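Pasting the structures in now, so scroll down.
In what comes next, chain A is part of two complexes: it sits with chain B in the first one and with chain C in the second one.
What follows is the complex of A and B.
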């Protein structure tokens, strides 16, 4: 490489990284005030929730070892014991002792049932409400929420995906503009969002002006919307770089005792980051916890995973509540499917995939906690009351936000889609 | 460019008077749609022919109800109206109406007329078609969820200029519900730039504000005097501000306040005395303040059914 090019290379690479990191920061030309986006958001329900934190248990969380132990036979529970919770009459697994203390905020969704028994397809349905197709990628729930509700803080992305595979936070046919901004390590915050210390503000300004001058002719000659979107992406990234709201991404700003409460795991710190982001007006944060695919040695693997979930979730609920934010923030725990009631001894007591019946939970966001919705039989293998699908689950989240679940968004190919397909919100949760 | 402008001008439908359904719209629909979308009929071969897609267009109620694929006509919203969506699809599209061989596709001026009619509220005029006492079934979902908020009674529209001004300060401003005159104001963006001076911009909207988020702003007790003039305020967040007991004292007249979040502020037991008289308060958040647990317990007692949390 020629040394004379060093400068050029740095500038390009810097901007490119900013753009990458800030992908999802609105790229379409927008009105300068936040009023424009906010005015689009007209909740149909007074007291609608404002943000969502979606905790995705990837791999298929065993319902019988976590959320659904009530009235289950010992033969299907295996080594897992039930414990009392802060809500009268509701039991949880001993693997979630801290969450049990926050049960007054939680509604267990014990009637969940899905049609998808493979990971990729199951996660797709859970996060996008449509079954996987070869011809189209449906937008993630977070993309829908930002599209329909608008952003709350124009300086920050509307949808952030922490420790989440970038594909599962993709905006699909809505495009990169609505994709979740990926954060790999919660502790490291938003990557490449700082001006390198070797370049001072004046130089940086000069270089940007130079780039502008060089681009100007190009932009007047070629008026492709894609190119315009791209250059406005730079503007957004620059705004973010210079804005005080960027500190929302920095979990190191938290006092030690709070940071420790969430646990030191990547998931725990992800939950802490989620709270900070929601506090600064981010609409939708997804935090993923993997490793739930316990075909082998279920009774060692689940408690280990559950500890991370327990630390992060309980801290999140407690922290949101005492800040007065829990009624405005819906916290959901979802997974692609459950695991078999049968314990497979040949696999060191493992459990296999079980889509027919599983469990999720919803807390905050205007629901009444300390309850459960839906019921399975005493083996935990069949939903006998209040069956809900992933579409119903997502419709309920949308309802909490006051979104219009009937609003049709056309794909670029002219096909109509809605936020939770034809899911029905469980409105009983809100009474 | 100019030529394109003229081209568009030629096709702008006449907007002078409201469209007449019977005179201008019905003939179009009759030609393109009525054959397949009518009441079940018995054909010459004796077979019953049901309306295609379960969608009938022979009466207003059926058109409003939609078909098995969803919406038919959504007054005021062409983009949500199935009939408009389908006539606007590319002609080769499988959902395009009328389907190939079943009628002439509508021309651009004709589709614009239909759009205009929907925009104007889809007024059917005196046309009742085959409608004889068929009830319009309201769709579950959005429309069924709307609630009329009694708080808004007697209110005038929020001043648009004042809302715009707040927006320019980085506040999120929106209506509390569809078509509601109540508004929600939240300072979430660059909060360190918001102080007592900016509170003055809330005054013109004081009657309309029902939720206000001032958390982490630089406001003090001085700016809180503006908050005290918001009779419809139900939810207030002053967490992380320098507000003290004196600022909270000014909230005494807010008879509708239901939720107060004031964690990490300078308030103490003296503020609790003020809050005791506010009988509608249901949730109070006082973590990281100087409020003692005994005082919090007293408050919870003074406000039956409330939750006061200091931890």
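What follows is the complex of A and C.
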């Protein structure tokens, strides 16, 4: 920790305390959007990444039509063609032309393999590193990261889940406190974070002042940590409402050319929101893109999905790089499983679920780009080198953040768990 | 039932627990239970004995009981604990003005027999049993039959041992009328071991999930103990094994008989997932192979072990399958001599009424071992008596709670000091707790909707929407139509469906908002939207009338409604998104902005500003204001409607509103 960071942190705390003293009901000071960097420093890796943007391709992204086309037989690629990328010797599918130009930042994870062939179970394993059980809910990766690394900015949530099913972003046994704060439509921002137009500012303050007067009296009668905690959350909520950082949630503040670069799709705008959030110190943002379950008509459905991914991902990498944030921000693209090399003609050229071999990618966050890790055979059906499980993938993300992957957190029922179960980080990705 | 009890008598001949009455009395009580719950003398006598034993506990701990609650505080508490919401203005006023000496007893009787009790209790069981509107993914295996079974069990006050027996022995089709309890196994389809771990936790307060994979590190359970328990349900089939099922399966997923038309295949898939492959059939085997990677003592990998209950009673055989394995398991489970069954439900019910368990967590009772102290019961003498009461009333949950509500212990004042609920608590004063998500929601809804307990929703009604085609009838109807069809008839049924119902005629979500049509559906008649509710938002219903659980972004989920993924997954922890919805969301948008809200009605009926303040306090906080509070709020009441809005908003945002005292 350097002294500048400490100063920054203290100044921020001071401002928050002023807000507390005033109970946020008078004219609260506007907070600057500088970050509380004290928690950024993590012991295990000196140049650890600070934030993660996890792009989840839900439905099972067909690896042969997206990330893994290199050296594959035409019979398994079907209509999909390979194209050159910005990294020498690395090919991508023609469905990802813009991403191909950012390949210098990317490491393809072509040795992915999972044990789960159904969507819910597969996504669960990918996002939580444990198999789905009826007796416990394991925390999402974002919950783990916030639990182990802490928040970067105390005014904002540590984990935000954009267009993501809330169950996938649940804090599980860690509780609601660690769940991803849900954003349905990226353009709509954080729910209930604005004073409703039906209350004018004067009445709003009046109302809170009246409640506060009642509460002060109440607190003299009862000493209870739960009540105190609940009461102090009013300060947090008001601070959040009045905080400059809240604008992080407003993608409309972006210049048109940036916004257009990400694409107008919900996913593209979600990627843009993710960048803004990370910029303001959110630790972990997940953005989900669904629709990859291409049992039918794979060669029409995949290009349509891939366009959204391509626009969002390429813009994100370009933008983060331009702002000098890519070194500190790990971008991951995950999915629950791959799809069959076999093209099923009776399903209008579809592809079925294929857990045995699939592909993900990692970019930024201190990894060496322009490469791949792991390899499948020429049919894309078997991993022949660098087998990587979802647990390994999540351990690698954790490693990038400098987290201790062996740190045990006990569930309230007294069972021990770690961030990536027994996953091993792929350390050779890091320079 | 009698047959069961007799067999239990022999089974437990060696049980050490001696009861104050014999096993045969248990059978007679089936009739007597009704009398006990409704017998004021019994309730009074029993409540007194509970108080005596609790009082002895305070004395031993040298703790003075807190001065009893006044009528207002007791009233608010008893409403929240029994019917899950605050009293309405009219209800509060009527009680406080009632001069009768026995008004508390009378109110308890009335509340426990009200529709509000059914709502509140249904939420409680749904959280324990993880009962959801969806048992499978997306649109397969609907949870409505399971929820209805639960709802009906609560409404009929089905005793807990009977509910347990029905759940554990449930057999039949998912949509077969009266068989909704099969949802208990369908809930954990494909995970029979997890289901057994849940069973021991729910009914026996015993955590065995560690022992699924290895000997329990902190309790006495071995991995073999777990497998011996799992043997009772091992081999149980979810989904039937019928000719129809094979036919339908081939149609949508087969090689030879595959239906060429994709739209039709979707219909076959729906039939498979919602009718032919939905349900519980057959019995457990009563034996089970140990896992291939078994490493602990007491067995070898893949060795077949016989079913054996963790407390003496039921056994299977390793070399041949057991007859009526589940029935014997359920008999053992629900026997009054099972040392854990009564203990756990007694403690759960105690916690539900008294706020804190005699031990916590309620589903994790551990015996003393050489390495661990085991669970400490805070007042063993009282707990022993309470278990006796639970047996006397024959697991009649309403009667049992009635005893507790009538105790003086329940009526004690609030303990104003912090209490660590993980430590044994003497109950010398009520422990402060935040309302559950359902209590917050239902209380707020009470402030808006007239006769809130009786406003019904559609969550338990069903309209089958098959691959985008609205059939205008329920799963029950479809089940009856197709369950016994021959393959050729099924094919004709599908063809006819395609013709009669164009695609896009409805999504299931859309249909939830529409009233049911003529139907065989047993609950279709319950659809009501009386004139008094016209114009109010359709979303303002009690939590028990909404989907179980509600959507993740719903107010209820924000405030900690269980996702129903794990047993008792609800949380009453506060967080900042809750406060945002209190200050910027629900309170303003659904209550203050609803000009016809009941809370305005109460305030508008008062003529002076002073009386308006009083009415607001009574409606929202169930008490009248202190002089200082009157001074604080009076200027608002004098300002007219805008001031009244400020007043309501402020009271709803007090800590006093959301914490139960």
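Points worth noting:
We take it that the second predicted complex is superposed on the first by the 366 of 431 C-alpha atoms of A that agree within 3 Å, B and C clash if a C-alpha of one lies under 4 Å from a C-alpha of the other, contacts with A are read in each partner's own complex, and residues count from 1 in each chain.
One rule holds in what follows: a residue touches a chain if its C-beta (ideal position, glycine included) is under 8 Å from a C-beta of that chain, and two chains touch if they have at least 3 such contacts.
All values derive from a computational prediction rather than experimental measurement.
Touch criterion not met for A:304: it reaches neither chain B nor chain C. When both complexes are overlaid on chain A, the residue A:83 reaches neither chain B nor chain C. Within the superposed three-chain model, A:384 lies out of touch with both chain B and chain C [touch as defined at top].
With both structures placed on the common chain, the touch criterion links A:258 to neither chain B nor chain C.
Of the two partner chains, chain C is the only one touched by A:203; chain B is not. By the touch criterion defined above, A:221 reaches chain C but does not reach chain B. Once the two complexes are overlaid on the shared chain, A:152 sits against chain B while remaining clear of chain C. By the document's definition of touching, both partners, chain B and chain C, reach A:414. Put simply, more of the residues of chain A are touched by C, taking chain B and chain C as the two choices.
Shared interface residues of chain A (contacting chain B in one complex, chain C in the other): 414-415. By the touch criterion given at the top, residues 119-120, 133-137, 165-167, 170, 175-177, 181-182, 184, 190-196, 198-199, 203, 206-208, 210-211, 213-215, 217-219, 221-227, 229-231, 233-234, 236-238, 240-241, 296, 346, 412-415 of chain A touch chain C in their complex.
Chain C meets chain A in the complex at residues 137, 187-188, 191, 194-195, 197-198, 201, 207, 209-210, 218, 258, 262, 361, 364, 414, 416-418, 432-434, 552-553, 557, 560, 563, 565-566, 569, 571, 573-581, 583-585, 588-589, 592-593, 628-629, 632-633, 636, 642, 645-647, 649-651, 653-656, 658-659, 661.
Those residues of chain A that touch chain B in the shared complex are 32-36, 38-39, 41-46, 50, 152-156, 243-245, 279-281, 321-325, 327, 399, 402, 404-408, 410, 414-416, 424. The part of chain B that touches chain A in the complex is made up of residues 70-71, 79-80, 85, 89-90, 93, 95, 139-142, 145-147, 149, 163-164, 166-168, 170-180, 186, 188-190, 192, 215-216, 237, 239, 259-261, 263, 283, 285, 287, 309, 311.
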